[in-house]
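Each chain gets a letter, A, B and C, in the order it is written, and its residues are counted from 1.
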Amino acid sequence: MTRQPRLAWLLAPATLFLVLVYVWPTLGLFRIAFNEVGPTGAMIEAWSLATWRHVFADSFTFELTLNSIWLSLTSTFLALLLSYPVSLFLFRTESRFRSLLAVIAIMPMLVSSVVRVFGWLAILGDRGLINSLLQSLGVISAPVRMVYNWTGVTIGLAESIMPYMILALLAGFGRLDRTLEEAARSLGAPPWRTFLRVTLPLSLPAIALAFGLGFILSMSAYITPKLLGGGRVFVLATEIFEQATTNTNWPVAAVLAVYTLALLLGLLALSNLFSRRLQT
Amino acid sequence: MTGAGPALSAAAGVVYALILSPIVVVLLLAFSADNFILFPPSGYSLRWFIQLAANGPLLNALLLSAQIAVAVTALSLLIGVPAALALAKGGFRGAEAMKSFFLAPLLLPTLIIGLALLLAFTPLRLTATLPGLALGHMTITLPFVIRMMTTAFAAMPDDIEAAAATLGASPRRVIRRVTLPLAAPGLIACAALSFLLSFDETVISLFLSGPRAATLPVEMVRYVEGRTDPLIAALSMVLIVGTLVIVVLVERLVGVARAFGNERS
Amino acid sequence: MAYLELSGLTKRYRDSVAVDGLSLSVERGESVALLGPSGCGKTTTLRMLAGLVEPNEGVIALDGAEITRTAAHRRNMGYVFQSYALFPHLDVARNIGFGLEERGVARAEREQRVEDALQLVRLQGLGHRRPRELSGGQQQRVALARALVIRPSVLLLDESLSNLDAKLRDAMRHEIREIQRSLAITTLFVTHDQVEALTMCDRIAVMNRGRIAQIGSATDIYERPATRFVATFVGRANMLPAERGADGRLTLWGEALPAAAPSGGEVDVFVRPQRLKLAPAGEPAGADMARVSGHVLNSVFVGDHIEVIVAGPGGQRLTVEIQSGDAPPPDGAEVAVMWRAQDTLVFPREAA
């Protein structure tokens, strides 16, 4: 079709929508971060850093940050360990069910996160699958606590970010030339040496990108820490929600949100830098 | 190198089992006869499905979610498809910048979007209303629709539309008679995914729901926070089956649409 | 004024000029080929005619009316795309009837004309097939029928045969030529295949770098190429540097060349391989004949002819074509190569 600049006005409704329902509220969020909270708890219009000082003077903020980063690191690392073989398998397999297998791998994306959390409660709970199994085998006598604590949240979070990481890794593998592996094999490298000397180094940029993606998704995840943590796991995401809804302390929620966003941007830049380094 | 090899296949198999385990467990638990989450269940029954059919709040939430998802899908397509068309075919200056602008909401965590919307909607009394929730969901579905359809339109061979023009079809007629029919499979898939995205959206809904209006995922979160019985498993079963029906239906429709002639030889 | 006039047509892209001040006149009912290597601007020219690309400069006039900026859908040009561009969601009959529907032709007449068009391209009874159920040759015919059924002012064919296999291409070439003649439809045919251009068109415009290098009949182009580019692009060619003797006359491989030399400057001699004849070494040249001697380097059997490579004293090579029934001289044999003086063309040497 010949180019039709006149079509540009078709962008108007979508642009208007996003300006009103996305850009404006986001700017509003930044604005409210500079408001103050009065002694009665009511919000006072201002341009001050009082709320920032209040939030960062509180050692709990520091603890939340560490919790969030630690949780994200562990669950992303776990998810990476599990996602890598699946992605490599999907990349290499010549099964005629390849596309079906790929869809199954990312199926959790299509299932509500609440449903999956509920599934983990049934697997990891005190009377869940694993405890029942271990008890009937006589390995343990009392149930091991695996939900409503860090273990459960880490496992649940890892599972929830895996589909995204598998996709990211697969996209990265797509650029991996299979003849390179064949060349290594023809030069006498056994499969595991081929993997270590060719496949793994070449997939490092994909790993860096997938890790960055998983980390960012974990940092901002709310449902899994909330439900599998059972109120005992405190991270930035749960605190933002608490402050915004239960406490209706909007300035604090906004400050924490802007702070989290800044952390994420920093990490994103870092992950991009790594990925680019590895590619050259 | 041929195929995946036994070691890699075995490792992938284990991970697959892990990925699918929560879903399988939920499906089995739906038929539990127990009063609490016990796995494996001590007995099987349909009692939780019967309970579900009598649970007013959950059924109301289901209805609200369905209404919102339909409205969100319709509106997202209505304003998203023309925008995608313009981005893919317009070729005007700034089209690339506009593409990035429309993608931006997908990069922001829903936690942040939800908070921003809560702060913006509260003074407007839009929280805990159907329009408010629908607008909130559209911040996710609209960029998604625009992105998917821009790709679909851009992938269309230019010559086919040029052919229609040389045969006397005005630009408007080309869009109606050629571009849109050829994009039909993409449109169907896009509508279905947009529906599911809205229906399953949880975080933004949690910020925007109140006691008056709560979507199904919000009611489910509240239920799971308060109690641990297999009722949610029964509901999950219904949702998973519903999702599968939609996915299969789309596959059929899109498959049919492909057979109808969108296949590139 | 001719039926179709292009004058000073120019299309610039950001960093290149696709078509550079091109002018061309086409008479009603005439068939003209735009022949040239890829990137020479021939398809861009065709697309400008169809209104799919807007020229930066120049004028297109059809039957006395200017149509330079007329929208594609108001031009009534029948365009056959290289990819055929059939509508995959419509059956063959609706593909062909598309343009008639857009013109608001009544159903009964439309069906009749679609039927006639199917008959014209010998696809009767396939009206209800989908394009993808047809072979490449059949798709090509549908594309042709779809462009013809609207009774276009000009039929534009864009490399329309290049996606067919060699045998089918031969058949389609004759078929399209016949249809074009019987309907007396003005046709512009873009191709990089000289055989297509030579056999299908009344006149050929050889294009190079966005300009027309030469326009004329097939014989003109082949026998009297106007430029070095045309000489080497159309048909096979020997192109050798000539020397200038003290008297200013040309010599080749140390022997006088009976050909008029343009004054001054370095020149190249051009002669087609099939016009060359081998003779025993030392045989004198007849009247109005050119002659050089050398030795046979090797001979290559190419099917319908044999290419004998003859090397001169300076190591330069000439390709001589002899009939495949004849026995080529053995490698290393001293031979004379002769040709009629009138078959020699001389071009000024171009900077590399």
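Convention: a residue touches a chain if its C-beta (ideal position, glycine included) is under 8 Å from a C-beta of that chain, and two chains touch if they have at least 3 such contacts.
Since the model is a prediction, treat every value here as computed from it, not as a measurement.
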item: Starting at chain A, fewest touch steps before arriving at chain B; value: 1
item: By number of C-beta contact pairs, the top two chains; value: A-B
item: Chain whose Cα mean lies nearest the overall Cα mean; value: B
item: Farthest-lying chain, centroid of Cα atoms versus that of chain B; value: C
item: Euclidean distance of C-alpha centroids - chain A vs chain B, Å; value: 19
item: Centroid spacing, where centroids are CA-atom means, of chain B and chain C in whole angstrom; value: 55
item: Chain centre separation in whole Å, for chain C relative to chain A (CA means); value: 60
item: Residues of chain B touching at least two other chains; value: 162, 165, 171, 174
item: In chain C, residues with contacts to at least two other chains; value: 51-52, 72
item: Residues of chain A whose C-beta touches two or more other chains; value: 2
item: Of all residues in chain B, those that touch chain A in their complex; value: 1-5, 8-9, 11-12, 15-16, 18-26, 29, 36-40, 78-80, 82-83, 85-87, 89-92, 98, 101-102, 104-105, 108-113, 115-121, 135-136, 138-139, 142-143, 146, 158, 161-162, 165, 171, 174, 179, 196, 200, 202-203, 206-207, 217, 220-221, 224-225, 228, 232-233, 236, 239-240, 243, 247
item: Interfacial residue positions of chain B with respect to chain C in the complex; value: 157, 159-160, 162-171, 173-174, 177-178, 181-182, 184, 260-265
item: Footprint of chain B on chain A - complex, ascending; value: 1-5, 7-11, 13-15, 17-18, 21-22, 24-26, 28-29, 32, 82-83, 85-86, 88-90, 92-95, 101, 104-105, 107-108, 110-123, 125, 127-129, 132, 159, 162, 178, 181-182, 185, 191, 194, 216, 219-220, 222-223, 226-227, 237, 240-241, 244-245, 250, 253-254, 257, 260-261, 264
item: Footprint of chain B on chain C - complex, ascending; value: 50-52, 71-79, 81-83, 85-90, 98-99, 102-103, 130-132, 146-147, 150
